Amino acid sequence: MDSSDQNILEVEDLGVSFDGFKAVDGFNFYLAPNTVQVIIGPNGAGKTTVLDLICGKTAATEGKINFQGKELRGEREYRIVRMGIGRKFQNPSIYENLTVFENLELSHPRGRGVFGCLLFRRTEEVMDRCLSVAKTIGLDECLDQEAGILSHGQKQWLEIGMLLMQRPKVIMLDEPVAGMSVKERTKTAELIREISKDRSVIVIEHDMEFVREIADRVTVMHMGQVISEGSMERVSNDPKVIEVYIGH
Amino acid sequence: MMMVLSMAGLLAGPPTEEVNTTGLAVTDDTVTVGQLHSATGTMAISETGSIQAEQLAIDQINAMGGVLGRQIEVIKEDGASDWPTFAEKAKKLLVSDKVGTVFGCWTSASRKAVLPVFEKENGMLYYPTFYEGLEQSKNVIYTGQEATQQIIAGLDWIAEEKDAKTFYLIGSDYIWPRTSNKIARKHIENVLGGKVVGEEYYALGHTQFGSLINKIKLKKPDVIYAIVVGGSNVSFYKQLKAAGITSEKQTLLTISVTEDEVLGIGGENLVGFYSAMKYFQSLDNENNKAFVAAFKEKYGEDAVIGDVTQAAYLGPWLWKAAVEKAGSFDIDKIAEVSPDIELTTAPEGYVKIHPNHHLWSKLRIGQWGEDGQAEVLYESELIEPDPFPEGYQ
Amino acid sequence: MGDYTAEELQSIFIMQGFSGLSLFSVLLLMGLGLALIFGQMGVINMAHGEFMALGAYTVYLCSNITEQFFPAFTPYYFVITILVAFVVCGLLGAFVEWLLIRHLYHRPLDTLLATWGLSLILQQTYRSIFGAREVSPRLPDWLMGSFTYGDVDIPINGVFVLGLSVIVTGSLVYFIYKSRFGLKLRSTVQNRSMSGAVGINTVKVDRLAFALGCGIAGIAGAAFTTIGSTGPDSGSRYIVDAFLVVVSGGAASLLGTVGSAFGIAQAQSILEFFLEGTKGKVATLLVIVVVLMIRPQGLFPSKVRSH
Amino acid sequence: MPLFLKTLFKTRGEAIGFIAFLVLVLVIFPLAMPVFRLNLVGKYLSFGFVAIGLVLLWGRCGVLSLGQGVFFGLGGYCMAMFLKLEASDPESTSIQSTPGIPDFMDWNQLTALPWFWEPFKSLPFTILAIFVVPAVVAFIIGWAMFRRKVGGVYFAIITQALALIMSLGIDGNQGYTGGRNGITDLRTLLGWDIRTEDAQYTLYFLCVVLLALTALAAKYIINTRLGRVLVAVRDQEDRVRFSGYDVAIVRTSVFAFAAVLSGIGGAMFVLQVGFMSPSIIGIVPSIEMVIFTAVGGRLSVMGAIIGCLIVNWGKTAFSEAYPDAWLYLMGGTFISVVMFFPNGIAGLAEKFPRIRSLIPASVTERIKGMATKKTTKTVSDGQ
C-alpha cells in the first residue's frame, strides 16, 4: 500500500446493499495522484456501483470515502463534483441539441449557481478554455456542430471534454471505449494518457487490450469485493483472478 | 313617419321611447331578456330545472301577447358552474346585450359574483333559489325563500310533532348551509329549548359519510337536520339507509332535497324523511295542476318539478307584472313598483313581493314516498321574509 | 364521552372499524385499475374517473332494462351487471389505448394531458346522452339493508364492496403474478425491447393491460352506485383520491396500493371521526402530502439498483 | 445594448413577433373593442403570467405543476384582502353587528379582524406579499421535493393535491377567507374606483405592460446560461448534476419564479374582475392553465400568451353560442395538440422549434470566427 498522505482518494470498507443484496462489500481502494487506475471484473461485480458510491449517486451503507482529507459520504452530488471529482456515464450523456461549443461552455465551472447562470457572460477566458479543451479531445474542427450528429466516439470524447472543463482532480470513466472502432480506441487511450498527466483517472473497462495500454494499476473486483490489485502483469498472473475469469 | 310609428305603437303597446328611457334592448315589438344559468359543469344538475321553468313561463307570456305588447326574446348564457364566468356573462348581458332583465343564478357564490355587476350596471336579476339571506338589493328580486322562512316554521313543526329535543346539524361546506344552521341552532337553543348535539360540514362532492354516520349513532339525536347538496346528497342518503338509519328509527328533516335531488338519490332511499320547502310538485291546487301539466307537456312525462324550479317559473311572471304596473321597462321603475306586487296564479299559491324584494310565502313539510313525490303534511301561514333576522345573527 | 355505556362505545368502535374498512375497500377499488395502468405502464389516466362513471351508467341502463323487461330478475341483475360494466369499460379502454395512449408511451406527462381532454369529452357525452341530472339505478333491496346485532349495524353494501374489492384484488394479483399474460406484462414493463425480441407481442400486452385497468375502473364505478351518485361529473370526485392512493403506495407495486389504501382509509376515517368534516379531509390530504414529501418513492417502493 | 437585445431576441422574426403582439394588445384591441370586451382580454392576459411561468417550469425545465392555481390564488387573495378591507370601512358596513370588518366575517360571527388580515391594510405590504408569499410557499414545497429528487408524475400529482387542499382549506374557513363565495364586491384601490371604464382601461394597460415586461424577463432568462441549464436539466438531469450544478436549487428557483408570476397574474385578475374565489384556484382551473400553455406552445413565451388568449376567447365565444359543443371542442383540441402538435401553436410557426430555440443563430458565426482567428474585441467579464 502507498502511504496514505500521498493518495488523492482513499476508500475503506465501503459497502452498500439493495434489499439485502450486498452489491459492494468491504471495498478498499487507494488512488495515487496522476495515475490511471482501471477497475476490471466480471459483469455484476459492482464496478459501476463503486463509481455511483464515490460520486454520491448512491448512498453507501457503510465505510469511508476520503478525498484529499475530506469525507465524501453524505455529501450531495454537485458538491462532490465541485470538490474535483468528475464522472462520465456508460452511455454518452451530452446535450444532443446544443452545439459542441455550447456543451463545453455549459460545463464551464464559473457561474453554476442560479444567479451565476443569469450573469454568466461568454468571455475571452471561457472561449479560450473551450477551444483548448476541444483541441485536447480532438473536436476543435466541429465546435459549431450540433452534438447529436457526432459519431459515437466523438460523443464519448465530448463528454470527457465536458469533465475536463471543470479541471477535476479525479476523473471516473465508465467503459469509455465500449462500441468504439479500433482507431477510436487508440485515440481514446492517447487521450486518457494525456489527461492523466495532471490528474488521476479511474476507468472501468472490460477490454483487456485497452486496459494493458492505459493502466498504471489495476483493481480486480468480484462479487462486490477486491480480489486482486497491482500492475497488469501482477493481476493477470494472480490465480484468484484467473479462477474468476475462467470460472465465469 | 311619426304617425306610422305611433299607430303601430298603439296597436302593439305603448311607444318604445316612452317605456324604455335607458336604452335597453326593447324594440316596438320585442323585448330581450337574459337567462344566466349553468348548462354545463357541476351545477348543471341543479340548474336545468330553472332553465326549463323560465323558458316555459316566457313561452306562456308570449302566447298571451307578451309584455306591454312586446314578445320576449331570450339570450341564454352558460355560467358553466364557474363564478368568474357568471360575472363575465352577466356583464355581457347587461353591457353588450342591454337586456331588460335577467333570470338566473342558482348558487350563492354565483349570485355574489354577479351582484356587484348588477348594482354597477343597474340591471335586474330574478334569483330563484332558497338561500341564506343576509342580502338585499335594489337590483335583485329573490323569488325563493330566505333562510328564516324555510327554517323556523319547519323546526317548530318537527319539534312539536316529534317532541324533538336534540338535533344533529349537517351541511355541505359553504355559506348557505352554514348560515342556515346558524339560524337553526339559535332557534333550537333559544326558542325551542332544545340542544344541538353535533354540527359539521363536508366539502362539496364528499362521498364518504361512514364516520359521520357513526357519530350520529353515538349521539342518537331526535332529529337529523341535513343541508347536504349536490352529489354528496346521493352518497349521504344511500349510506344512511345502508347503515340502518331509516325513517322508522330516525327522524330526518332536510331543507336541501327537492324533487330534483330525489331523482338522483332514488325515492326508495329517502322514504319517510321530511323536507321543508315552500313548494312540492304534489301540491293540490288548480294553479299547480295547470303548471305541472304544462311543464310535463313541454318537457316530457318524466319531468319533475322542485321548489327552485317553481320559484324560477315565478320570475318572468313577476317581472311582467312589475313592467305592466310601472308601464315601463326601466330598471329603476321596476324596482320601485315591485313591492306589493301580487301573483295569485303562482303554482305555490299566493305570493307577494315584500319591500325588501323577497317574497311572502308559505312553508310546507313534505314526507317523501318511494315514487319520489312528497306528501304534504303541513302548511304554514304566509311568512314575512326577513333577510336580516334580529336575534339570529 | 362520559355519558355512554361500555357497550355503546364498543359497538361504535366496531362500526367505526368497519367504516374504515369500507373506505379502504372503496379506495382500493378506485386505485387498483389506476395502479395497473399507472404503476405498470407509466401512463397517467386522468379519465379514470370517467371510466368509473361509465361503469355506473352501465348499471343504470341495465337496471332500467331489467325493470322493464325482466322484473322478476331485479334482485339478481346487479351481480351480472358488474361483469357487463367490466366488459364495456374494458372495450372502451382498448379503443382508447389504440386511438391515443399507444402513441404517447414515451411521453408520460403528455398522457396526463391527453386523457384530461378525453375526460372532458366523456363527461360531455354522458351529459348529452343521460342528461345533466344525476340518475339513480334501482338497486336490489337486499343490497341496501344492514346486518344488525344489537347496537351494531353493518351496511350490506359496505360488505359487498369489501368482498368485491377482495375478489378483484385477488384475481388481479393472481393474474399478474401467476398467469402467462402476467408474466408477459411484467417482462414488458421491465424491458420492452427485450420482451419484443423474445417474441412477446408488446402491443397486445399494452392494450390488454390498459383495457384491464379500465375494466376494473368499470367494476369500481358499478359497485359505487350502491354508495354514491351517478352523474356526468361523478368520476371527477374520485380521481384525486385514486391518484394519491396509487402514488403513496409506491407506483410500481400492487401490494403498495393495498397498503396505502388501507393507511389512507384509516387516517381519514379516524380523522373525520374526531375532527369536523372538511377539516378531517384536509388533515388527511396534508398527511399524505407530507408523507410523500418525506418518502417520495411511496410507502412501499420496490428497491432496485439505480441505473 | 445590442448585446442585451440579442439576448432577448435571437432572430429578427422574434423581435417582429413581439412588436406585433404589442401593437395588437396596446393599439388594435383598445381601438377595436368596447371596454367590456377589453376587460375580458385583460382577464385572459392575467392568465398569461401563469403561462409564462409554465413555459419556464414545464416547457423548459420539464417540471409539470398542476398546482399553479395555488399561487395564482395566493397572489389574488393578497390583492383581494387589501381591496376588501378598503371596501369594508365602518361607514359602508354600518348595518353589520361589527362594522368595519368584511361582510362575510360578520356573517360568520367574527367580531374582530383576524391577525393575518391586519397587515393587508397597507398597500406596500400587500404588493410585497403578492411577490413574497407565493415565492416562499413555492420555495418550501419545491425544496422539500426537488431535494429528494421528486419529479415528473409524482410532482404533478402532489401539486394537484395541493390545489385541492388549498381550495378545500378556503372553503372550510369561510369566516377568514370568504369560503366558497370568495371575496366579492371589491370597489376601490386607495379611493380610486376600479369598476369604472377609465379604471378598466388603465388596469388593462397596466396588465399588458407588466405582461410584456414579464415576457421579456422570461425571454432573457431563456437565452442566458440559466435557460440552457433548464433545458439541460430537463433532458440530461444527471449530466447537469455531475457538471457541478445543484439541480434541486435550479428547479426550486424556477418553480418559485413561476409561482411569483402566477401571483402577479392573480393580483391582476382580481383588479380587473373585481373578486376572488376558490373556484379559480382548484384542480380544474390549475389544469386549464396548463392547457393554455400547451395549446400556445410550452416552449415559447409568446406562444403561451397567445394560447391564453385563444383558448379563453374560444371559451367565451363558443360557450356563448354552443355550450355543449364547447367541451367536445376543448377536449378534442387538447388531445390533438398533445398528440400532433406537442409544441402548440408556436411549434406550428417554427419548423423545428426544439432545435431552433436552443441554438442561438449568432453563436454559429461567433464560434466560427473564434475558431479561425482570435477575436480581438474585448468582452466585458460577467463575473
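In order of appearance the chains are A, B, C and D, and numbering begins at 1 in each one.
The rule is simple: a contact is a pair of C-beta atoms (placed from the backbone, for glycine too) under 8 Å apart; a residue touches a chain by one contact, two chains touch by 3 or more.
Treat the numbers as computed from the prediction; the structure is a model and nothing was measured.
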item	value
Greatest separation from subunit B - chain, by CA centre	A
Nearest-to-centre chain - CA centroid comparison	D
Length of the line joining the C-alpha centres of subunit B and subunit D, rounded to whole Å	38
Whole-Å gap separating subunit A and subunit D, where each centre is the average of the chain's CA atoms	42
Euclidean distance of C-alpha centroids - subunit A vs subunit C, Å	47
Residues of subunit C engaged with two or more neighbouring chains	124, 127, 278, 281
Subunit A residues counted as touching two or more neighbouring chains	57
Residues of subunit D touching at least two other chains	168, 171-172, 324, 327
Touch list for subunit B against partner subunit D, complex	39-40, 77-78, 80, 82-85, 87-89, 91-92, 95-96, 108-109, 112-113, 115-116, 120, 132, 134, 173-175, 178-179, 182, 201, 203-204, 388, 393
Complex interface listing, subunit D residues touching subunit C	64, 141, 144-145, 148-150, 152-154, 156-158, 160-162, 164-165, 168-169, 171-172, 283, 287, 290-291, 294, 324, 327-328, 330-335, 338-339, 342
Subunit D residues touching subunit B - in the complex, by the definition given at the top	34, 36-37, 39-40, 43, 95, 97, 103-104, 106-109, 168, 171-172, 174, 179-182, 184-187, 195, 273-275, 277, 279-280, 316, 319-320, 323-324, 326-327
Residue ranges of subunit D touching subunit A (in the complex, touch as defined)	221, 224-226, 228-229, 231-232, 235-236, 238-239, 241-247, 249-250, 253, 354-355, 358-359, 363-364, 366-368, 370-371, 375, 378-383
In the complex, subunit B residues that touch subunit C	39-42, 44-45, 48, 173, 200-203, 205-208, 210-215, 217-218, 231-235, 238-239, 241-244, 260, 263-266, 268-269
